[in-house]
Amino acid sequence: MHLENTCVLSQKALGNYRVLELASERIAPAVRPGQFVHLRVPRLADAVLRRPLSVFRAEADRLALLYKPIGYGTGALTRVQAGDAVSLLGPLGNGFPVALPPDRMPVLVAGGYGVAPLFLLARELPQRGIVFAGTASAKDILCREDFEALGWDYRAATEDGTLGRQGLVTALLDDWMRNRPSNLMPEFYACGPDGMLRAVGERAVVGGWRAWLSLDRHMGCGVGACLACVQRLRRPEGIVWGRVCRDGPVFEAREIVWDEPGETKKEVSR
Amino acid sequence: MHLENTCVLSQKALGNYRVLELASERIAPAVRPGQFVHLRVPRLADAVLRRPLSVFRAEADRLALLYKPIGYGTGALTRVQAGDAVSLLGPLGNGFPVALPPDRMPVLVAGGYGVAPLFLLARELPQRGIVFAGTASAKDILCREDFEALGWDYRAATEDGTLGRQGLVTALLDDWMRNRPSNLMPEFYACGPDGMLRAVGERAVVGGWRAWLSLDRHMGCGVGACLACVQRLRRPEGIVWGRVCRDGPVFEAREIVWDEPGETKKEVSR
Amino acid sequence: MKPDLAIEIAGIRMRNPVMVASGTFGYAEEYADVIDLSRLGAIVVKGISLKPWSGNPIPRLVEVPGGLVNAIGLQNPGVEGFIHQHMPFLRTLDTPVLVNIWGRTAQEYAETAARLNDVEGVRGLEINISCPNIKEGGLAFGTNPSAAADVIRAVRARTRLPIIPKLSPNVSDIRVFARVAAEHGADAISLINSYPAMVIDVERRRPALANVTGGLSGPAIHPIAVKLVYEAAQATRLPIIGMGGISTARDALEFIIAGASAVAVGTATFGDPMTALNVIEGIETYLSDHGFSSASELVGALEQ
Amino acid sequence: MKPDLAIEIAGIRMRNPVMVASGTFGYAEEYADVIDLSRLGAIVVKGISLKPWSGNPIPRLVEVPGGLVNAIGLQNPGVEGFIHQHMPFLRTLDTPVLVNIWGRTAQEYAETAARLNDVEGVRGLEINISCPNIKEGGLAFGTNPSAAADVIRAVRARTRLPIIPKLSPNVSDIRVFARVAAEHGADAISLINSYPAMVIDVERRRPALANVTGGLSGPAIHPIAVKLVYEAAQATRLPIIGMGGISTARDALEFIIAGASAVAVGTATFGDPMTALNVIEGIETYLSDHGFSSASELVGALEQ
């Protein structure tokens, strides 16, 4: 983990998203797929927190972030320009496991910005597979060509039907699962909203496969110190709090104890 | 008084100062010399107050401010660029009286940014006279050519001696006063630090002349509502609080009740 | 259909729930050039006392991140001066005018209230028992339940106008003071006043304010104020006027959802005089967008 | 000549007066990669209780202008868990470690304190009687002088370590609590904890935090904290650790000039992990620039 003053190389629109490229000598070369950086939005004097963003691309001396301007911080981030200094803390989190037995087929499921960490993963997994990307609308469907250029099969679903199948990405996934060759052993990697992750996880558990789910939780410190980003996990010693920023953001589906509707008291054994 | 969204036309350095030119259709044509605007520094989310700045130049559809970046707000103001929107409240305050009997000679005394309101005044006074400008150093001496082009005699004093006479501007003024033609009747107009204003005012009172002093006080609202910027004044009804933003910033020397060192309780009759 | 913004508090009908807070809007005439005063829900004027009061020496105000600390010290021309100098203008407005009053003794409060009783154009009294900036009275009443009760009772005895005690945030349990207000005849309560605070000029190693301490207002105190309004709303059925750090409609909506029937905009007016009007528009938009037919439906609409 | 930054508080010698605040620095190992821990004045670890405690549901934290509101709810592995999981690392540091403790009864505080008595590497106890985020205990002790006295006395009776009660800002008169601390055997006091606050998600009309209310920290509370430290310093000769909203050296200097012997950086570490180190440097520069030969000379150096 480093605290690095990076320099903005470029910022470009990509559909409804933006790609921010930063010169980074210390963080970039250390990044593994699924890890994130905690970014301080410059000149936002009244914002005390950094913003967590997954690493989308990483090279020896630069990295790129793919983000959607959805609020105060990401909105202000659109105004940074080439040459601006941006402080990053990273790489943070555990990231996705990249070792994969040769008989497994990687199945990536991305909701919204979830393509960012999965794209980095797609480059590093030992075998190619299939990507399911689900978003609100065609303008949110990202990186199709990039995945295809890497040899991945890319399928899209949009909620408004403007591109690919209309509906949720999990429906698309289910269709494909039903028709897949019976000897195909999927290994899931997913990043997106909780509902989607949970659905992917359930399918994996039912089928007896593994699903690596990257959670999105509001964060304070990003390094495990503040205990803001906790998630209940099933561990040998009982139900425990994991810190999404440090123990995650990636957990295997079986570990995650999802909240049940109406549940208020969260029991954990320590 | 208007609340106007103005548009930055240009921003340029001038010595240690900056000149900010703004397109203004409502405020600019209404400005009188010595009035000021209350400016909201854009994108300074944690600053709740505007900043008062004197109008330096005003035309039918534009005005210019001359300011020194000395702190948080003025520092951030240096980053605004042509095309940015800047909210102004103005014109504010009473301004200098411009009617002047023909037998009087206007004597302007400027400390620091004080040249800004005095330059606007210099254009509008019925007769020309002499300007004394005092600053820390040569780089702060502003607008000499502009005053001279208008027909004013311009004399400078710098504290470090890098330009004009070394020392305080009041010393320069005193020299001149000693040697002036005895029939010359000065009328003083001054803007600068309290010490300078007080010195000018004392000379005027002793000599039986008038001195119009523009005060600088920290402000909240700028319109007379918050009572932050008060100054004790001598009025027929007794000692009263005047509001520098609304009743001033210009007061005649005899009106002002200066604070005495060590004085803590400020008695006013209402 | 446009939602109905009108509300009634303490018998005072307002066209919308957005007021301007005492001390930040002078006597309204100061802002008349730039704001259409007839669009405001109500106007609360600067605190008035029985006799003229000269307030504190300068500096009286200092900016801090997300707010300002003021120690104006309640300068005002006294109730007579106020009536003669300012009521003629205020009376011309068709926006309800509330007079904020303070005193050094319960007696002074009561006499000031009595003097305003029959003054045409005065629609209600906000009783400032929470000013952090004067030693005589002010905060001392606001942090002691029995002193607060004395003031409220004394004022109640001498006025027919609606009375709205303005509570201090500087207490461990706001519910106690909300209940005291209700028991002693208040028609509504206002909260919060600015929070006791201090700024030091480190270069000179002196307090930044001549009065040494002052009151913090502005966005910085908003989450504190929302909490106090929420708690007060649990403790009393009196209508609540919520304030503290409102600069957007969302800030105001938080108060209303927490239980305030109306809100007041203070410090934000200095930065943007249009704040109160923008807040009104924002509330209207929110109500339409979320299917509320009136502002009062939203009062206390917090789900848990 | 370089000014001498070293100070001694409650018998604990620190190389400089800048600590990191409880709950914002975990157990220090979390920041070990990016900060040279040996440069800090002292480290205060996350609040520890007798038994493991699971804290509040999420969301536990929400950002507001100039700060954040947290309701972590004191999650911790209990004193045994702490000793086994975290002390081995903390013991390797040559920076003094203070353990922040809390309980639901005075008895629990005392037992936790007693357990830490002979734990190598623990240099002092900060007694949290001011957490706004748990119903059991916490704030209830911090806003009631006799409950505060009970806790302090109980802890004092069971430990040989220096004890530092951490006061709540949510009281009308902080001096009362400063005196209570002094009378019942405290070696120093810390202030302030975060301020009770609430944020409402207006879209969903629900509290933004699962716990409904939380504690406001960050720059927003700085002027409030300075005022309280100043007042406490007038009321007691106990050394004071000042905190609340420090993000620059100037913020820290205000506390010191107001009377704090040391300061702690909390929330600002999240935005910039280097804050504490920058504050140390800034204090050093200030001392040299202003002709002070030591940090302790500046304590309480306010002129009036």
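Lettered A, B, C and D in written order, each chain numbered from 1.
Criterion: contacts are C-beta pairs under 8 Å (C-beta built on N, C-alpha and C of every residue); 3 or more make two chains touch, one makes a residue touch a chain.
Worth saying up front: this structure is predicted, and the values here are computed from it rather than measured.
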(message) If you apply the touch rule, which chains end up adjacent to both chain A and chain D?
(response) B, C
(request) If you tally contacting C-beta pairs, which comes out ahead, B-D or B-C? Let me know. (result) B-C
(request) Tell me, please, which chain's centre (mean of its C-alpha atoms) is farthest from the centre of chain D? (result) B
(request) Averaging only over C-alpha atoms, locate the centres of chain A and chain B and give their separation in whole Å. (result) 57
(request) Please work out the Cα centroid separation of chain B and chain C, and write it as a whole number of Å. (result) 35
(message) Nearest whole angstrom, what separates the Cα centre of chain C from the Cα centre of chain D?
(response) 34
(request) Please compute the C-alpha centroid of chain B, do the same for chain D, then give the distance between them in whole Å. (result) 47
(request) Pull out every residue in chain B that's touching 2 or more other chains. (result) 45-46
(message) Give me the residue numbers in chain C that touch at least two other chains, ranges are fine.
(response) 65-67, 219
(request) Sort the chain contact graph into one of these: line, ring, star, complete or other. (result) complete
(request) Could you pull out which chain A residues touch chain B in their complex? (result) 43-46
(message) List the residues on chain C that touch chain B in their complex, please.
(response) 23-27, 30-31, 33-34, 46, 52, 54-55, 57-63, 65-68, 70, 72, 75, 77-78, 81, 210, 218-219, 267-274
(request) Using the touch definition up top, name the residues of chain C that touch chain D in the complex. (result) 64-67, 69, 143-144, 170-173, 195-200, 202, 204-207, 212-213, 216, 219-224, 226-227, 230, 250, 253-254, 257-258, 286, 301-304
(message) Under the stated contact criterion, what part of chain B meets chain C in this complex?
(response) 1-3, 40, 46-50, 87, 89, 217-231, 241, 246, 259, 264-270
(request) Sort out for me which residues of chain C touch chain A in the complex. (result) 65-66, 219
